[in-house]
Amino acid sequence: RRRVVVGAMNLTSHAGSFIALERGYFADAGLDAELKFFQAAQPMAVAIASRDADFGVTAISGGLLSLAQKGAVKVIGGALSEEKGIDGQKILASDAAFKAGLTSPAGLDGKRFGITTAGSSFHYMGARIAAAHGGRPEFVPLQKVGAVIGALKSGQIDAWSIVPHIAKPLAASGAVHIIGNVADYLPGYQVTTVFTSAANAGGDRGLVEAFLQAFSRGVADYNAAMVDRSAGEAAMQAVVDIIHKYVYADQPREKAAVSIINGSMRLNEGAAINLASVRDQLEWFQSEGLVDAGITLETFLDTSYVKVIGA
Amino acid sequence: MADTAAGMAAAVEVPFRGGGFAPRPKRWVGPATFLALIALAEWGTWAGWISPLTLPRPSAVVETLIALARSGLMFDHLLPSLTRLAVGAALGVGAGIAVGVLIGLFSHLRAALVPLVAALFPIPKIALLPLFVIWFGIDEGSKYALIAFGTFTPTVVATFGAVDNVDRSLIRMGQSFGLSWWSIVRKIVLPGAMPGILSGLRISLAIAIILLVAAEMLGARYGIGAYILEAGALYDLERLFAGVVILSLLGVLTSAAIGALERRLLGWRG
Amino acid sequence: MDIRLEAIGHDYGRTEVLRDITLDIPSGRIVCLVGPSGCGKSTLLRLIGGLERPARGRVLMLGEPPADCLNPLTFVFQDFALLPWRTVRGNVALVLEDHRLPPGRMEAVISDVLARTRLSDFAGALPRQLSGGMKQRVAIARALAVNPAVMLMDEPLSALDAQTRELLMDDLVALWTRTPFTAVYVTHNLAEAVRLGHRVAVLSRRPGRIREVVEIDRPLGERGYADADLERIQKHLWGLMRDEARAADEELVDG
Amino acid sequence: MADTAAGMAAAVEVPFRGGGFAPRPKRWVGPATFLALIALAEWGTWAGWISPLTLPRPSAVVETLIALARSGLMFDHLLPSLTRLAVGAALGVGAGIAVGVLIGLFSHLRAALVPLVAALFPIPKIALLPLFVIWFGIDEGSKYALIAFGTFTPTVVATFGAVDNVDRSLIRMGQSFGLSWWSIVRKIVLPGAMPGILSGLRISLAIAIILLVAAEMLGARYGIGAYILEAGALYDLERLFAGVVILSLLGVLTSAAIGALERRLLGWRG
Amino acid sequence: MDIRLEAIGHDYGRTEVLRDITLDIPSGRIVCLVGPSGCGKSTLLRLIGGLERPARGRVLMLGEPPADCLNPLTFVFQDFALLPWRTVRGNVALVLEDHRLPPGRMEAVISDVLARTRLSDFAGALPRQLSGGMKQRVAIARALAVNPAVMLMDEPLSALDAQTRELLMDDLVALWTRTPFTAVYVTHNLAEAVRLGHRVAVLSRRPGRIREVVEIDRPLGERGYADADLERIQKHLWGLMRDEARAADEELVDG
């Protein structure tokens, strides 16, 4: 059995990996998988470049594109994506900004929009959503999701966008308000992708295929249990149990379950990837001068493993 | 009595005009200040004129610490941090002392390395974090490297300064008695540089503790720094302060340890 | 102005340093204090100058200090105690600045004392540029600037080399001969004591007591570089102190 | 010749056994080392045995710097950073010197504050970032505060150490001439403490530059620290190194400025 | 073993420090070097000891050093140069350790020299516990331990107070009387020179040249504390040097 290190974060969007590991799908595919946890997406990409990890799931960011350009990593499939009709990422406004009139994304122009770092997915979303109404927000880099939450709660930034299981409890507390859905602006948005080192993608097809196969089984289980709810209540509770081992592990099961269920978003079946969304993201990063203009889709994308959608 | 001797002259006692400008230890003031500040914070947070967003209640911090110790998590966080500190600082300080002594002894090395060290000194280590991951991996390697790198430069500077400050007349004495170069280095230069090296060590270890948090920004699940960062990200002030208190104690302990080492090694200073 | 020490005693912690010192310092005369290392000479001088308070006994000033005296009891220290960041002139000015002298007066005083100590050419020099002997001349100029009633000199020459010491002794004699001053002069050096002292008080080992007070009648100006009479007194003093000096030298400083 | 005088005796010249242990300046070695290292990196990245993941090509870094300067963005980044450094360091150093002098002069304050400062010293400033944001807001306030706080403690320590080290015999001299307390402080204690205070300043400003990156982690779009962080997030090594070079130069310049200040203020040391 | 200085000259940068020094140091005698501050006495001693290379001229050793001599030219420094982290015994041991003596020999040598300098009771003391006089006795013990052919002493007493100086002079005379040693003895102090020197060489101001060499015949043991004959020689020497000493003292150290 091949040893592989799978990079993950303590988020429901990584459920595909959790389920594949817990239910032995990796083992079935001949892989001896180990999960390695990261606090942020950027270090995970760096870790794959440095061969500390073999596979990861993360948003397309400027850092990922840069590493791909340096020949270190390759995107091989899709993971999380926005889908009309399924509760997706929310656009938030702080209480103060809301009271001052920021009640819809149309008012984002000139507002302080929280992001973790320049070139992060938050940066892309904020810019695209505001641009839909002809606006340009001021982006405030805060490094960590926790810091963005704090800044939004205390009204030091005006707006942010984030996955539903974080957005909903925040809105419930009254400190912030949901003013829109990301899916309305970026339909089919390919939020996160599966990626590996360029060496794996180019030279170890067997390994990559094995991983994708196991990962896809995990994804299928998740979608069935949590998104489509077609597998029944017991199956859903079983998946929640698995996810709870990794997400909100420090909270009691009942409390965590609510958040986990709230946060359910579609993962791409068979790790299919939405090429149109990916292209749009690349173009935006390039137009902002965040990544080199010479990067092409081929530079960072290997579409030979999974189905391409939206092309 | 004075009058009998000096006749009419007035006898005045010499007025006292000395004293002062000599710090006297006041043992109770230090602890009392700490207690007063903590009591103030407790009262403020309890009465409400300090908002819980501004400062956690001291008693809550203490409770957090106790819970942390009870659950055994304290140990889970301390062990990796202490290991990182020990390994990283040992590497950085060891290399720093070696390079510092070489710089102190050889003019060519000094000319080559001193500007290099001066240029490395003001580089913030967090800025290099992404590079360290590529160079040393995401695991313990990059954490050791970060702490080692952070302690290396101040140790070098302190060490070659200490070697420079070794009394040249002692070295001349050694030469005048025909001592070999190696004897002079071993018996005169190194012991003579020891006080300076130890006080450099004090600074280096303080820096190592400060860098712990930066080192644990990347890929650490356990460790005091990771604990603090997590608490910070969650705006959990109790845990944040609990972590800070642990680091602060660690700093005080390290400093006391070096004090003990100094008393042992530098007893000759009296 | 005379000084009288009345049964002075002093301790540091549990160490008795001085015991029952009674001594008169008459106006216009130089009283030398000699004694082995650590017998409390410097302590006694600090007590006289008011820098410390005696544990027992009193230090009395008898009579009025001279009219324009700014600091009746003025020290000259072994280590010169010059401010390294001030020039020669600035170091002298330091002790006048607090006194709000009439305009022009300060400049006049400084020029006068620098001239008397033959330092006029060096008014702008910094201490680090001066030899030890010159530094001590600056310290003496500074002391003269406040026109002291009594100069308290703590081994003023012992940080200097033998030749400079010789030269400065001549300078001191010349200064005293022009305008006699009162001084308590602490020294280890018996040659200095017999050259400069009208009265030499010999202290015993710690706790310091007065063992003998020797009067030397010959006028200061007539005492030569190597004078047989003085040699005799010096030999007598050395005889008094020799064994104690040896014992003091062989004492361990601590533990 | 010797033989005529000493008869049969052999005349041997005294062998030389001194020298060494005295560093000699070698002007060309320092720059040469820099150039050699840069040339090596250039060659390695060009030839490919240094991967672009590990190190950027030096010439590319220089190009980035030139482009940055040409586009005027350099100025946009430098201005806020320099302002933050100036304001933060001025606050921290000013307060540090004031508190340090007070600690040096008053025993009660010393007893109260020294343990406090010792406990604050090992607290990593990044750990407190979230707290500073709450206390001082996300804008310039928290950045000033972070730099001020980071420079405060080392300045206090250096200053009261410097006051303690003022030659007591000079103070005793001042008292013996009847100088007022305030005169002694102003004319003896403060100038005497100046060398120690300035060398403390050197360290404090180095720390300020290092803290710039941490300070600009939260909510800064412009600034050298923000530029470095952004480059790190984008894994853009050229820009990362360009930023680090700017900080390094800033450090070297600050150090030179303090050197000039020392030569001016401490000319009396010769 | 004799030492001969042949037309020694030396410079530091563009300053000429010594000029054309020719001098013999005969075995078993003490040659004193006196001269004003900065005239190059210490430099000359360093040249003799091989710690610096003369710019001009040669320093020659004539004849063989004694059989068990470990370090023919041995210094005694003004500032003692003791390692503060070693005990008295350790400081003496330092200069023997490199010589691979037969077992037990080192201990024997150390005990012997400590006894000769009356330091046996202080073998375990650290330098900081000792008075200046004791420290210099340790330095002398250390020098004796290597059984030098020539002792090079650079103002060995000038860091000591006058009384200790007196005591140590007696010690040196006693040591020399028991086993005469060869020495070059630099001093500022003419009293020391006439007490300890068989031959006194007077140097001029910088650049140092030899102005006069005075022979003193009276045996060391017979020279007393204040001796009229010696006083006469001392006065003569002082006459030679006085003006130069004054000029040297008033020189600014730089700029």
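As written, the chains take the letters A, B, C, D and E, and residue 1 is the first residue of each chain.
Here is the rule we go by: a contact is a pair of C-beta atoms (placed from the backbone, for glycine too) under 8 Å apart; a residue touches a chain by one contact, two chains touch by 3 or more.
These numbers were taken from a predicted model, which means no experiment stands behind them.
*Asks:* Starting at chain B, find the fewest moves between touching chains needed to arrive at chain C.
*Replies:* Counted as steps through touching chains, the separation is 1.
*Asks:* Could you pull out the chain whose C-alpha mean position is farthest off from that of chain C?
*Replies:* Chain A.
*Asks:* When I count C-beta pairs in contact, which pair ends up with more: A-D or C-D?
*Replies:* A-D
*Asks:* From the C-alpha centres, identify the chain that is farthest from chain E.
*Replies:* Taking each chain's C-alpha mean as its centre, the farthest from chain E is A.
*Asks:* Need the CA-centroid distance for the pair chain C / chain D, whole Å please.
*Replies:* The answer is 46 Å.
*Asks:* Cα centroid separation between chain D and chain E, in whole Å?
*Replies:* So the centroids are 46 Å from each other.
*Asks:* Quick check: how many Å separate the C-alpha centres of chain A and chain C?
*Replies:* 85
*Asks:* Once you find the CA centre of chain A and the CA centre of chain B, what distance in Å lies between them?
*Replies:* Going by mean C-alpha positions, chain A sits 41 Å from chain B.
*Asks:* By the touch rule stated above, which residues of chain B touch at least two different other chains?
*Replies:* 17-18, 53, 130, 134-135, 172, 175-176, 178, 229, 232-233, 235, 270
*Asks:* List, in ascending order, every residue of chain E touching at least 2 other chains.
*Replies:* Residues 49, 51, 73, 128-129, 254.
*Asks:* Where in chain A do residues touch two or more of the other chains?
*Replies:* 42, 46, 49-50, 146-147, 150, 154
*Asks:* Which two-chain combinations qualify as touching?
*Replies:* Every pair of chains meeting the touch criterion: A-B, A-D, B-C, B-D, B-E, C-D, C-E, D-E.
*Asks:* Going by the contact rule at the top, pick out the chain E residues touching chain D in the complex.
*Replies:* Chain E residues touching chain D: 2, 4, 6, 24, 46, 48-53, 58-64, 73, 254.
*Asks:* Which of the residues in chain B come into contact with chain D in the complex?
*Replies:* Answer in residue numbers: 17-18, 20-27, 29-34, 37, 53-54, 104-105, 107-108, 110-116, 118-131, 134-135, 164, 168, 171-172, 175-176, 178, 181, 184, 189, 206, 209-214, 225, 228-229, 232-233, 235, 237, 240, 243-244, 247-248, 250-252, 254-255.
*Asks:* What residues on chain E touch chain C, complex-wise?
*Replies:* 36-37, 122, 125, 128-131, 133-134, 155, 158, 161-164, 166-167, 187-192, 225-226, 228, 231-232, 234-235, 238, 241-242, 245-246, 248-255
*Asks:* Given the complex with chain A, which residues does chain D contribute to the contact?
*Replies:* 51-53, 129-130, 133-134, 137-138, 217-221, 226, 229-230, 232-236
*Asks:* Using the touch rule from the top, collect the residues of chain C that touch chain D in their complex.
*Replies:* 49, 51, 70-71, 73-75, 77, 79, 81, 83-86, 94-95, 97-98, 126-129, 142, 146, 152
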